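Single-structure report; data block below.
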Amino acid sequence: MATISTDTLVDWISRFGDAVTEKREWLTELDSAIGDADHGANMARGMAAVKDKLGAGAPATADELLKSVGMTLVSSVGGASGPLYGTFFLRMGMTTGAVPELDAAGLAAALRAGLEGIVARGKAEAGDKTMFDAMAPAVDALDAAIADGADLATATRKAADAAAAGRDATEPLVARKGRASYLGERSAGHLDPGAASTAILFDTLAAAISGSS
Amino acid sequence: MATISTDTLVDWISRFGDAVTEKREWLTELDSAIGDADHGANMARGMAAVKDKLGAGAPATADELLKSVGMTLVSSVGGASGPLYGTFFLRMGMTTGAVPELDAAGLAAALRAGLEGIVARGKAEAGDKTMFDAMAPAVDALDAAIADGADLATATRKAADAAAAGRDATEPLVARKGRASYLGERSAGHLDPGAASTAILFDTLAAAISGSS
Amino acid sequence: MKKLINAPEDVLVESLKGVALAHPELSVDLETSVITRATPKEQGKVAVVSGGGSGHEPLHGGFVGPGMLDAAVAGEVFTSPTPDRVQAATKAVDRGAGVLHIVKNYTGDVLNFEMAAELASMEGIEVGTVVVDDDVAVQDSLYTAGRRGVGLTVLLEKLVGAAAEEGQDLAAVVELAKRINGQGRSMGMALTSCTVPAAGKPTFDLPDDQMEIGIGIHGEPGRHREPLAPASEIARQLVEPILADFDFAGPAIVMVNGMGATPQIELYLMYAEVAALLEKAGVQIARNLVGNYITSLDMAGCSVTVLKVDDELLRLWDAPVNTPGLRWGA
Amino acid sequence: MKKLINAPEDVLVESLKGVALAHPELSVDLETSVITRATPKEQGKVAVVSGGGSGHEPLHGGFVGPGMLDAAVAGEVFTSPTPDRVQAATKAVDRGAGVLHIVKNYTGDVLNFEMAAELASMEGIEVGTVVVDDDVAVQDSLYTAGRRGVGLTVLLEKLVGAAAEEGQDLAAVVELAKRINGQGRSMGMALTSCTVPAAGKPTFDLPDDQMEIGIGIHGEPGRHREPLAPASEIARQLVEPILADFDFAGPAIVMVNGMGATPQIELYLMYAEVAALLEKAGVQIARNLVGNYITSLDMAGCSVTVLKVDDELLRLWDAPVNTPGLRWGA
């Protein structure tokens, strides 16, 4: 598969929604350890709102679709993850243009813009123990794979693997952003919940693309 | 021994104080089951005040001694047991007259008056599951033993045994007076805390009399 | 036992010290545990005294001030104060027009206030007494200690406090108090026990999936225990016995009261449930209180109080009150 | 989980229904979870909006009313409300003189209010923002999320509410808010965790003989855990870091705040301990609050807030306020 249709994007979003809903308790448990025990509930609530929204009819172009997802997350999640994931999808949508499908470069550019949106909002840097630490390696891996000539399925699987590795790498870190930073040294020894949901985001992207290939 | 000196009365009061203090946790546990978990603390606080009071110098006559104990209990215990035990000792003191010692009949009359004081205040009847159910049989047993010509040591031991039996007999009863009555049927199956402290009152009376005979 | 305390035996006096420091408008006598207004009311007005065991805060000390109580007598935790202390409070606040004693119907409170009233009348102070017994969880019977006094005490203290403040005489204040007691009812429940500091452990054990219905305010177990239920079902179990006991159709003041460890978010949720049930039964809620007013140390749970009112009672309710626990119009 | 609730996902809206029923003087929009005054303030005055996750009641909804907030935006439990809701509240209460956003310093609150302010300014509403960050338990660093906003928020909402009510303009109100934030500090501790309804179990486990020092208001564990200590020692552990961080010699407003499940009798006891330590350090307590003002659901524990004040701040403090959670002079 050389391009991603909006149907595949919808499939991604829907798989992501199913997965965070299925794993909501785990995400909340991670957030109990170093946060306020709501990340699972937040993501599940937001993605349920997205499902409702898209169920009423998904836009035909990538930009409208992604912006709609972003707006819905912004206005249904709250907390830190709402503006951050919301901005991620909004920026993706602002990057793709009004196209019915994305090629590999288009997808990579959109994800990069989404990541930059998160940084613009949250000012996170590498090693701060946030979703950035899963997302940045994932976007980098995607770029590298595409530069190496990998197909979309391979490239997104590599991105998913990098996100999972990035998530796991948050465990020993001392948080410097978000709620976990209040714990100081006590935040070490736990996975970051936002990094965990970001790993799911990239895993479901790879699954949607290979599933539809 | 045919008479009881005020020293023996003081010894009784002091043994009673030691015993309720030693058993305060048990008394409070009984009160936890069907009351408000303070009978042990109440009795220990009151008898500590009595100890302080008498430590500063015990009156030489039975009436002054008993009234002083009663007043101290009234003004240091509170709750139901304060006015009840307080009235018990006050009425005893009002009955003995200004004597340096009591004979068997004098003791019996004083205890009977104390019992009647409790009834006047609390309106308890037999089987209401209160201190009355230990005290009334004890006073009756004392009267009967004295009528049978028993000596004071024997008579007060019989009274103590009757108080203990009366205490034990409160277990199956459904309370009709005091805080335990709010529990209705659920009050059955527990000893009444006031009956338990009353059994101690008569046990220490017998001990003081045999100890000094 | 997890509490913000030092030695258990010092809880009362140390807490009263805090009350004294926090409220310069009150006078706190640490010897007698009597709280009075720093500025007494005018000579010639009836004074209102209440009291009882501690652990129910803000009741009673938090209700001392213009428009409500003149004095509150604090006993040890859950233990009625002694007659001499009640008498000291009575004497301190008498302004020559007599004193109303507000007594919750517990054997200990009744006996100690009775002795105090005897002492006061020996000193020539006229004392009237109202014994509050509003708890429908307890069967009202001549052959028992009768019903407990619980939540209605809060509303009654506010209303008779207002009547005394406006200069009604002792007979009128006593009659008002008895009328209020006649037309108010309460019912409570617990999610957890409380822990008396001196006892050091919970008064009763309540498994994680059980609740107690019909509890009092001293950690007494309730009338029965049953599986934990949703708020809507709990509201039904509190409201139905109240409505079964008295005809509340018409205007009423309603209180949803927290037992001490239940947060406001839950109390408001309960209030919505309670209000819906009451309105369905023809009760028009004219005024309400939602919060911790008569507590049971660190017990989680709530109680519902309903008082039938008329324009006169509403007027007294709306009169200014200025106490730590209840304040408006001042 | 022992709570007076129905389904966990309905807690917020069902509790807001109770607020609406209990307080006819407030308007509650159940769609947006925005609480406003039923009678808006006069045109031409600055409006004050606060908000954040729910579970801290009475903060913020309980502080809406004359003399304090114009609107409160309630998020899900412990979750900042979304920008559109904050924007809806902002638009609803703007009286043409601009709106102050009071934001507690948490990433979620800051980001959502930031987006809301962007939306509002797109609609031509002038928004000023104060980010409250008073929690000395958290190291203040440019390289972290910074200090949390906790207890000082209550005092700040009262004071800037009074300034807005008397007609100060937006620049003055913002400056006042920042000044207050600069001279107030807080520190909290927990005896127990709280339980988020949607999570169903305590956020952290705390053994019977341990306490958490330096907790926030969302059930976040504290900076460290240590053996349970007497109130006097706990007071020292809360007051010392506050005094170490800022020179509080002189007049101050002090709050001893309950985390939700701690009864008043313990809070007054803590207040006595705290007041003694502060006075020893040259702090003159000019005004105080002792009670549940900014809670953490059913957490047991307390926090201490100290705000340095001058005559101007005391004047604003004493100005009338009429809200469910704080009321005097009205």
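Letters A, B, C and D name the chains as they come in the text, with residue numbers starting at 1 for each one.
Here is the rule we go by: contacts are C-beta pairs under 8 Å (C-beta built on N, C-alpha and C of every residue); 3 or more make two chains touch, one makes a residue touch a chain.
The model shown is predicted, which means the values in this text are computed figures rather than measured ones.
Student: Averaged over CA atoms, how far is the centre of chain B from the centre of chain C? Could you give it in whole Å?
Tutor: Result: the chain centres lie 32 Å from each other.
Student: Just the number, please: Cα centre separation of chain A and chain C in whole Å.
Tutor: Taking the mean C-alpha position of each chain, the two centres sit 55 Å apart.
Student: In angstrom, rounded to a whole number, how far apart do the mean CA points of chain A and chain B lie?
Tutor: Here the centre of chain B sits 76 Å away from the centre of chain A.
Student: What residues in chain A touch two or more of the other chains?
Tutor: none
Student: In chain D, which residues are in touch with two or more of the other chains?
Tutor: none
Student: Report the topology of the inter-chain touch graph, choosing from line, ring, star, complete and other.
Tutor: Its topology is that of a line.
Student: Tell me, which pairs of chains are in touch?
Tutor: Between chains, contact exists in these pairs: A-D, B-C, C-D.
Student: Mind listing the chain A positions that touch chain D in their complex?
Tutor: Touch residues, chain A against chain D: 28, 32-38, 41-42, 45, 74-84, 121-122, 175-179, 181-184, 186.
Student: Within the complex, which stretch of chain D touches chain C?
Tutor: By the definition above, chain D touches chain C via 2-7, 11, 14-19, 21-22, 54-55, 57-58, 62, 191-192, 208, 211, 228, 230-232, 234, 260-273, 275, 285, 288, 290, 292, 295, 297-298, 300-302, 322, 327-330.
Student: Enumerate the contact residues on chain D facing chain A in the complex.
Tutor: 53, 75-85, 106-108, 111-112, 114-115, 135, 137-139, 143-145, 148, 196, 198-199, 203-204, 216, 218-221, 223-224
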